[in-house]
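Each of the next two complexes has chain A plus one more chain, namely chain B in the first and chain C in the second.
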Partner chain A sequence: MRNISAKVLLALALSVAAVLLPSETVFAQQPTPSDDQVNAIAKQLYCPVCENIPLDVCPTQACAQWRDLIREKLAAGWNEQQIKDYFVDQYGDRVLGTPPVRGLNWLAYLIPPVAILAGAYVLFMALRSRQNPTEQPDSTMLVPPPADEYVSRLEEEVKKR
Partner chain B sequence: MVANIGYGALLITFLISIYGAVAAVYGARRNSSTWVDSARNATLLTFPLLTISSLSIIYLLVSGSYSVEYVSSVTSNSMPLYLRVTALWGGQAGSLVFWSWLMSAFASAVTLRKWNRDREFLPWVILVSLVTLAFFLILIIFVENPFVRIWITPMGSVSTAMFQPAGTSLFTPTDGQGLNPLLRHPGMIIHPPMLYLGFVSFVIPFAFAFAALVTGRTDDRWIRVTRRWTLVAWLFLSLGLLLGGRWAYDVLGWGGYWGWDPVEIAAFMPWLTGTAFLHSVMIQEKRGLLKHWNMVLVILTYDLVIFGTFLTRSGVLSSVHAFAQSAIGPLFFGFIALTFAVSLGLLVRRWKELKSTGYMTSVFSREAFFLANNWLFMIILVVCFLGVTFPVLTEALGFVGQRIPALADVFTGQKVTFGPEWYERITAPFFAGLLFLMGIAPLSAWKHSTLKTLGRGAWKPFIASLLVLVIVFFIGVRHWAALLGFWLAALTASITLFEFWRATRARSHAHGENLLLALWNLAGRNRRRYGGYVIHLGVVLMAIGIIGIEVFQKQTQGTIAQGEQLALGDYSIRYDSLAVFDTDDGRNVARAVISVYRDGKYLGELYPRRDYYYESQQPMTIAGVRSTMEDDFYVLLVDWEPVSTAGATFRVYHNPLVNWLWLGGFVFILGTMVAAWPDKDPELVVERGRQVIAAAQVN
Partner chain C sequence: MSASPPQKCPESTRPRWGVIAAWIGLIGLLGVVAIGMFQKAQGTVSIGQPVPNFTLTTFDGETYTLDELRGKVVVLNFWASWCKPCEQEAADLETAWRFYQPGSEVVFLGIAWTDTESASLEYLSRFDITYPNGPDLGTRISQAFRTTGVPETYIIDRNGVLAYLKLSPFLSVGEIQAEIDPLLAP
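== the complex of A and B ==
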């Protein structure tokens, strides 16, 4: 840790020196904001053109430009949320790694807990019926009954064989 | 010429498989073994025919016949021989042929087994295999034909067709586009065949289940027959997933092994139901429970196999519109719907005959734990299925919003993305739950178990796991999820090892064998059980690796000049030099030399590089990795200044414990092989089984 803070101090001192003493600059230490700051935000965004690749690791030229855009916005003083909102405005919800909770997307957050509870209920019923041999202690309730006319028709056809 | 032979073989195979399917059903109805035998011969014929077809493609690929569209799209002059051969599964059309070829191999193998004890299954197994095969042949012949050639008119306009259109001549490009560079990796060369083998071999258990449903032979014969098939299918699918993970880690350049990409999930879903099935069939075998549920699982697995192929092959993932443009998507959709509806219809018809013959007796019994395991697997499946299909649905349902303005806010038609965060947030507790169940289930007995009997077996391993927890805590781990994960891993490992120890010692006492021999004989006598335990140990090792990389991964990125350093934790790298050069095989390589230090101590050099493939105009990032059991230090070359004395941008990852994941994968596969290893004398086992059945009937 001491090592790092020493380096940070050194970097700070150097940058202060660089500002105070304008000379022919050597190689730029780190752009401001740093790559890590940019990537921290880019990681939460998905490249609008490539499939399912987080923006921080996407190797295409377009994505490099989008990362530069994040850097510009950060340099202009935008915060993380503003930048994310900007990307959503420009390219739609798909740039977010987790769908925003609105409209139809509610389902994406509702279905898992419902499935969990439904499964738990089936499990509970299966285990509860253990003392009662007449009840069927398996998870057959997971299969819907053949209310469908199509299914019963298929059934008929198979029966005819 | 060769293209015509290959195409002809495809057409004949298609006709033969249709004939075989019809003959099988006719033979079964008429109770005519002549027709069933004919169907069996038809099945056996599909294999040599598809071999001819596959060899034709390989010949075209190797000889560089670029007039064939498929050849020019996946090979190029600079590609070595082994890549040209494996380009058979490097593109859509070829991989479908490869899929079919494997399917015909498995169908032939299964018809060659001894059928004397379950002859009534034969026609229906043939039906399922051949209908599946015929479906894939329809896709190949009518939609994705690998033998389509390129034709050119005197005016210079180019078109593709199987046979020469009027007024055109064959057009042969001088070079092809070459295989996608991402696929030119050893992992990617073996990964698809493994995955396909897993997919295809899961068709066989389904075929037997289907046969059992049609014939009404509802004992667990179908499960006993397919036990080994299922394990082999599972082995290949697991291997395919592991290799895919390793490939992603090596090639995709994001320092990870699993990104919850729909393509990955497509292969993961049948694995989930397959794993649930492997456990749940044991309940039926031992206790006569869950007969319906096992049918549901095997039907789901089959349709998820087809669905997985559909997801990766139809373009539906990139957009609904790509799906609508090609006939391949609707065909898949229809086939899945049909097979699912027919199978479920049959299941419902046999519902009463599949009643359980036993009942649950204890919450702490083995079967209760297996049931809970099935519940967890199903939840993870539901999450995966939702994550994969939901974006497609939101996009497809956009028209509702367009038609009805009041609903425009709900049905926006906007595609959404489900990233790792969404999946992991929901599934993490369930993976932890599976790890816990995996630990304690081996302690429970079938039928009767109480908390007391569990506790008696568990307390020693429990104390051992607490010790591990304390050690991990003192090493400096404070992250609660990691502590919980490590504790669960320790608990599972110690209980499993304890089980090995208890049984080995007991056998050693009883038979007077030394411990090593006792262990060997023990595992040999009950390979499924002890192979399963080895698999569990593999999962524990993998869990350690996954916790390591998921919780403790660190990364940084920075641009440094030559001689400068970039630090990450204890590590730092120094940028030494960079060389840019062309290679013989059509790449432009930018290769950096960096020195790695840890706590100021020099560890060695790494060579992260960026390969640019001229033909396909694709860059590829190859990481420089220093790999130990403790951690991986993973460096990517992100960018560099043309003047080599200037700076270069590196992205550096510190991935603790990630090698435990691969080690665990190795142990996992080893355990599966132990479990699936063929018996020395299958007939003997069958004979023994027959005696047991006879005895049961007498009683």
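== the complex of A and C ==
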């Protein structure tokens, strides 16, 4: 009787283990990444074949392969930055939607704000000069010529007449 | 009657640094744009010109450096697994490679452009391509050659000078041989 209960217990334990073990195996695997997860990274990348079309909406086979590659890397547990770094290593900086700040790339970040500031300054100066059109020239900039004695006498004579 | 014209004060002769800086910036920006446009308009490497050196690491891990291949004719083919025209010439390139391989005077190198490794390997297997092939890491080689797409084939003579350029697929093995054979003549 004791032997039978031990066997029952063992069978129960095995049954429980049989139920639990496969579910643990499923949890250990990376779930298949959704299209949204893939596209969240793909929209930051550009394939050199189809310039100016983000990878998430590019219809070519080349881009479809790249999206599959992103899905593979996500399934393998890579994060967004690792995947972007991988694409840069494989295909160069130009796959990135936002160029890294190095080399001549910094011009892309510097020029627009400088141009906006310069434009705002020019606009401000133009508006200010329009608001004060009768502004006298700076007296320090121009110095009248010395008075001519002959001219003074001539003017006096004219006034007397 | 000796009324002299208004004289400017020394302050007005001071350099206007803001204007100078703006002009320098504008000229610099135009220079950068001009360089970019010039490079784009240059086109591919020209026939008769030395080709840029490069190092190709194949899918098998072997390394080929162009400078070390001086004395041999090099057939450099840019392709991609998603490129349908590339499929047209794949078998002909492999046949030509097998024809020249015993003489060891011609080296064929395939460069997979903007391709994924798994797709490239499947392509090589499908067309039974045995000559060395590798990815264009960072698209550095295609940028150095200023390629315009795929397929493109560059045939480089024994001195490292571009002898022939094909911007479309070869249509036959004979067409490939017709460009290589004259370069092998002593």
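Keep in mind that, in the parts below, the second predicted complex is superposed on the first by the 99 of 161 C-alpha atoms of A that agree within 3 Å, B and C clash if a C-alpha of one lies under 4 Å from a C-alpha of the other, contacts with A are read in each partner's own complex, and residues count from 1 in each chain.
In the analysis below, a residue touches a chain if its C-beta (ideal position, glycine included) is under 8 Å from a C-beta of that chain, and two chains touch if they have at least 3 such contacts.
A quick note: this is a predicted structure, and the numbers were derived from the prediction, not measured.
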| said: Touch test for A:Asp35: chain B only (first), chain C only (second), both, or neither? | reply: first
| message | Taking the superposition on A as described, I'd like to know which of chain B and chain C A:Leu104 touches: first, second, both or neither. | response | both
| said: Quick check for you: in the superposed arrangement, does A:Ala76 touch first (chain B), second (chain C), both or neither? | reply: neither
| request: Scan A:Val57 for contacts with chain B and chain C and give back first, second, both or neither. | output: first
| query | Touching A:Pro112, do we find chain B (first), chain C (second), both, or neither? | reply | first
| said: Let me test your reading of the model: by the given contact rule, A:Gln65 touches which partner, first (chain B), second (chain C), both or neither? | reply: second
| message | Quick one: is A:Tyr46 in contact with chain B, with chain C, with both, or with neither? Answer first, second, both or neither. | response | first
| said: By the touch definition at the top of the document, which applies to A:Arg94: first (chain B), second (chain C), both, or neither? | reply: both
| message | Taking the superposition on A as described, I'd like to know which of chain B and chain C A:Leu123 touches: first, second, both or neither. | response | first
| Which partner, chain B or chain C, is in contact with more residues of chain A? | B
| said: Based on the A-chain superposition described above, do chain B and chain C contact any of the same residues on chain A, and if so which? | reply: 92, 94, 104, 107, 111, 140, 142-143, 145, 150-151
| Where on chain B does chain A make contact in their complex? | 25, 28-29, 214, 253-255, 259, 261-262, 289-293, 296, 317-318, 341-342, 344-349, 355-356, 359-363, 368, 371-372, 374-375, 378-379, 382-383, 386-387, 390-391, 393-394, 397, 409-412, 414-422, 426, 555-561, 564, 567, 619, 621, 639, 646-647, 649, 651
| task | Would you mind writing out the residues of chain C in touch with chain A in their complex? | result | 1-9, 11-12, 22, 25, 29, 32, 80-82, 114-116, 118-119, 135, 137-140, 143
| note | Listed in rising order, chain A residues that touch chain C in their complex are 47-49, 60-62, 65-66, 68-69, 88-92, 94, 104, 107, 111, 114, 118, 140-145, 148, 150-151
| field | Of chain A, residues touching chain B in the complex | value | 3-4, 7, 26-28, 30-31, 34-36, 39, 44, 46, 51-54, 57, 59, 64, 92-99, 102-105, 107-108, 111-112, 115-116, 119-120, 122-123, 126-127, 129-130, 132-133, 135-140, 142-143, 145-146, 150-152, 154-155, 158-159, 161
